[in-house]
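Note that subunit A is present in both complexes that follow, paired respectively with subunit B and with subunit C.
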Partner chain A sequence: MTETVARLAPVGLAWRPNGQVVLSGPLLRLARACDEAFTVLADVWRAEPEEHPALLDAEALQAVDFLTSFPHLASFAGCLDAGEENLRDFTAQPLDDSGVRLTRLAPVRDVLTPAACYHVYVHHRGESLTAPMHLTTLNTCFRRETHYLPLRRQWTFRMREIVCLGTRQEVTDFLRGTRELVTALFEELALPISWEAATDPFFQPTRSPKYLAQRLRPTKHEAQYGELAIASVNLHEDSFGDAYEITRAGSPVTTGCVAFGLERWLFALTDRYGADPYAWPDVAAMARRVAGVASEAAAP
Partner chain B sequence: MPSDLDTLRKWVIGKAKDLPPEGLTDDLPLLAGRHLTSLHVPELILLLERLRGAPIDVEQLRAGDFHSLRVIADRFLDGAR
Partner chain C sequence: MTETVARLAPVGLAWRPNGQVVLSGPLLRLARACDEAFTVLADVWRAEPEEHPALLDAEALQAVDFLTSFPHLASFAGCLDAGEENLRDFTAQPLDDSGVRLTRLAPVRDVLTPAACYHVYVHHRGESLTAPMHLTTLNTCFRRETHYLPLRRQWTFRMREIVCLGTRQEVTDFLRGTRELVTALFEELALPISWEAATDPFFQPTRSPKYLAQRLRPTKHEAQYGELAIASVNLHEDSFGDAYEITRAGSPVTTGCVAFGLERWLFALTDRYGADPYAWPDVAAMARRVAGVASEAAAP
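== the complex of A and B ==
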């Protein structure tokens, strides 16, 4: 049992060593309060909620080179070929010591979503926007890793995102404004955070043009609690607008997102405030205070 | 014989999109201005390695190293101009 699990099991953490957690009781309530806090920040932009499925069309995802950039992270939705003989062969011994003994697979066409916001761009494919669009979505995300740590590095985890599609100016204003809101929330929470330029975990990074470009001109900044990134601010330029033919003012839209890793927030808050739920801050109330100040400042 | 900077300038002019009316200046932000994209970066690294006759360790690249012609020349071509 890891130190984190030993500390938090009494308040609702259970750990599956293949990179998954079960939340219950006080810790689940804290997770919901964190998500409520993020949606309060999203409301500052009047972001419309969207709820997307867990599966994402692989062909759509590859339109932005995901499978070539991050093959090591991908988890696929595989199903057996439905032929009766194939299924009968499978049932003869579905499992052995190495795991499931797959027989012939049906064509694999879907990826278990690796980030919440990909769905948004695919969903709005082909649209022409007449105003900036702000959206928010929560999803269970899947990223295969070489090792896992409870709440910090998981195969499946929850991600809340606030997304903006618009002109470059609209998106950079959104990212700057949201980063200020998130920073104000960190201050309310007395969480010691530093914002750092970061790169995405590309496969064979030194051969990846996108990785090299991220090093030369950072488009991703992470809010780090110690060495743990608990939120990130990302400018995608027009990558998604171009790939999915979403336009604004006659050009491919610029997109940007602010992402929050729910389990990582649980780690940071319980590391900072301990395992006693009575010592935990009211995260949602603090977010409402931060959002209220921002709204008053923006009022004419 | 063209200088290294002339060769670099000619390469950028051949690749850059949406250059301003005054053309390519030494301080024009190449990546931030979206005149060059990520797809140009590996080829630019190869060009610089050929011009300077030494490899570039991409793990040592820092934000802003390819900001403009002037910065690239100062950083990778011994300020050749």
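== the complex of A and C ==
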């Protein structure tokens, strides 16, 4: 932990012990260049940008078993019950040795964004699509872990996603095409990456039918830099289409997404190229080159 | 509420009943143009961008009496105690009629960002400055209210701030100069705005020495569009410098900030210019003009 921070502090990394980073200077510019690169790849699909909020309705998330599948990862947003006496009790001693001494909470109904793309499916709930829909969104995600490491494993981090909702064929074409683009970007960047089948980190995995299904037929593949997954390609089949009644020609749509963990890209790039910003590659320009080649190949 | 949403849905507004918006299409582009405009104004001071995370350590916030002053506005991030039995109990029935049926929480130590600039003071804790420091940061802020209105009063919203840490003279010069820039931008935009002295929304204000001090000597001025504050200019004197031991020539620094509520700008601009994107002004270009005039005036 201290090694990463010591190496990158001069270029704009600071670590908060609650599992978060502050970015400034060259490292913040690199983060923006990475996100620009992901956006360039999204543009290949003419993905429409959407900006989603921080909180997700817990009931909507539970429609896809989120709370039962990932209770250990979830962060909830809670506010104090607004009764005057309750607030006064709180202010009498708001902190003690174990942190905030909460008094009575108002009903908790919201989960802090666990992954950027959940918002997309909830937002398009009930829609009948007539063509494949490509979207892209960036959000701050919250994932509680037992320990944190700067840039690699954080309570809050930024995730860019490109999402496709369509027929199974359209979605698998999107996932294959995007994986090829991302692979071409890794080659431009001379980043050693291996694609590996993976599973989501379920609670009590061996009791989870969803985990067992993922093991039997991998629907998640991660681009690993060493042991660090910096991007993933995910086929959800029709689970979101079914839960949120998003249809295509009368049937639940298939969905798939490609996700990029922004801080992890910073780790991989500075691990590969060092802490001197002059040695860093122009990630966005490389993405434009990759996207240009792809567009030409697709041209008539 | 429904009126704003009905009017702006075709240009990319969606409302979540938990007090949040989803932005896409023309309205998302307008939001980005507004933020670009604020950044152009920040550039007049060569303000360095910083990207701060979502959570603030509660103990650090309480160093400036946040929890006792604003307990009714605070949102806390809580996670379930990670014990297997506790998580299993939770998954047995994660929801009931009153929302999430939380089982035992792990100690809560973090508050969701209440205002973008708090992070800046915590981040620069303990520093000795030798010159005025200008910074700018955008963050998602959380403010619990008794009721919400799309774009005007939300649980989560985006706030851009320009912050100055320096001597009292430097900070008051910064605040006066920025207020002039913002006023010039309002004139370019033909937005009817009045600047009004204001107070922060303290809990039990008449019992709060800080509220009484703000009443006696206003340190907060808001730019109001109708009754909606869309920007504010704030002088904190040395309260942050003192609490976080940020010094200049051996004394606590004075701090001040200018804050812009992004969603509220969307409300004001679409209220003034209507829902047709072709009628919307080029906010960023106007900010560049205003900033250019200011830079020329400052040139030798």
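To be clear about the criterion, the second predicted complex is superposed on the first by the 299 of 300 C-alpha atoms of A that agree within 3 Å, B and C clash if a C-alpha of one lies under 4 Å from a C-alpha of the other, contacts with A are read in each partner's own complex, and residues count from 1 in each chain.
The rule is simple: contacts are C-beta pairs under 8 Å (C-beta built on N, C-alpha and C of every residue); 3 or more make two chains touch, one makes a residue touch a chain.
Only a predicted model underlies this, so the values are computations on that prediction, with no experimental measurement involved.
In the superposed model, A:212 lies in contact with subunit B only, and not with subunit C. By the touch criterion stated above, A:99 is placed in contact with subunit C alone, subunit B being left untouched. Look at A:146: by the touch rule set out above, it reaches subunit C but stays clear of subunit B. In the superposed pair of complexes, A:16 makes contact with subunit C only, with no contact to subunit B. Within the superposed three-chain arrangement, the count of touched residues of subunit A is higher for C, of the candidates subunit B and subunit C. Contacts of A:197 after superposition on the shared chain: subunit B is touched, whereas subunit C is not.
In the superposition on chain A, A:237 contacts subunit B only, with no contact to subunit C. By the touch criterion stated above, A:49 is placed in contact with subunit C alone, subunit B being left untouched.
With both structures placed on the common chain, the touch criterion links A:75 to subunit C but leaves subunit B unconnected. Residue ranges of subunit C in contact with subunit A, taken from their complex: 14, 16-18, 20-25, 28, 31, 48-55, 57-59, 62, 67-68, 71-72, 74-80, 82, 84, 87-88, 90-91, 94-95, 98-100, 102, 105, 107-112, 119, 123, 140, 142, 144, 146, 155-156, 203-204. Here subunit B touches subunit A in the complex through residues 31-32, 34, 37-42, 45, 58-59, 61-67, going by the rule given at the top. Residue ranges on subunit A touching subunit B, taken from their complex, read 197, 206-207, 209-210, 212-218, 237.
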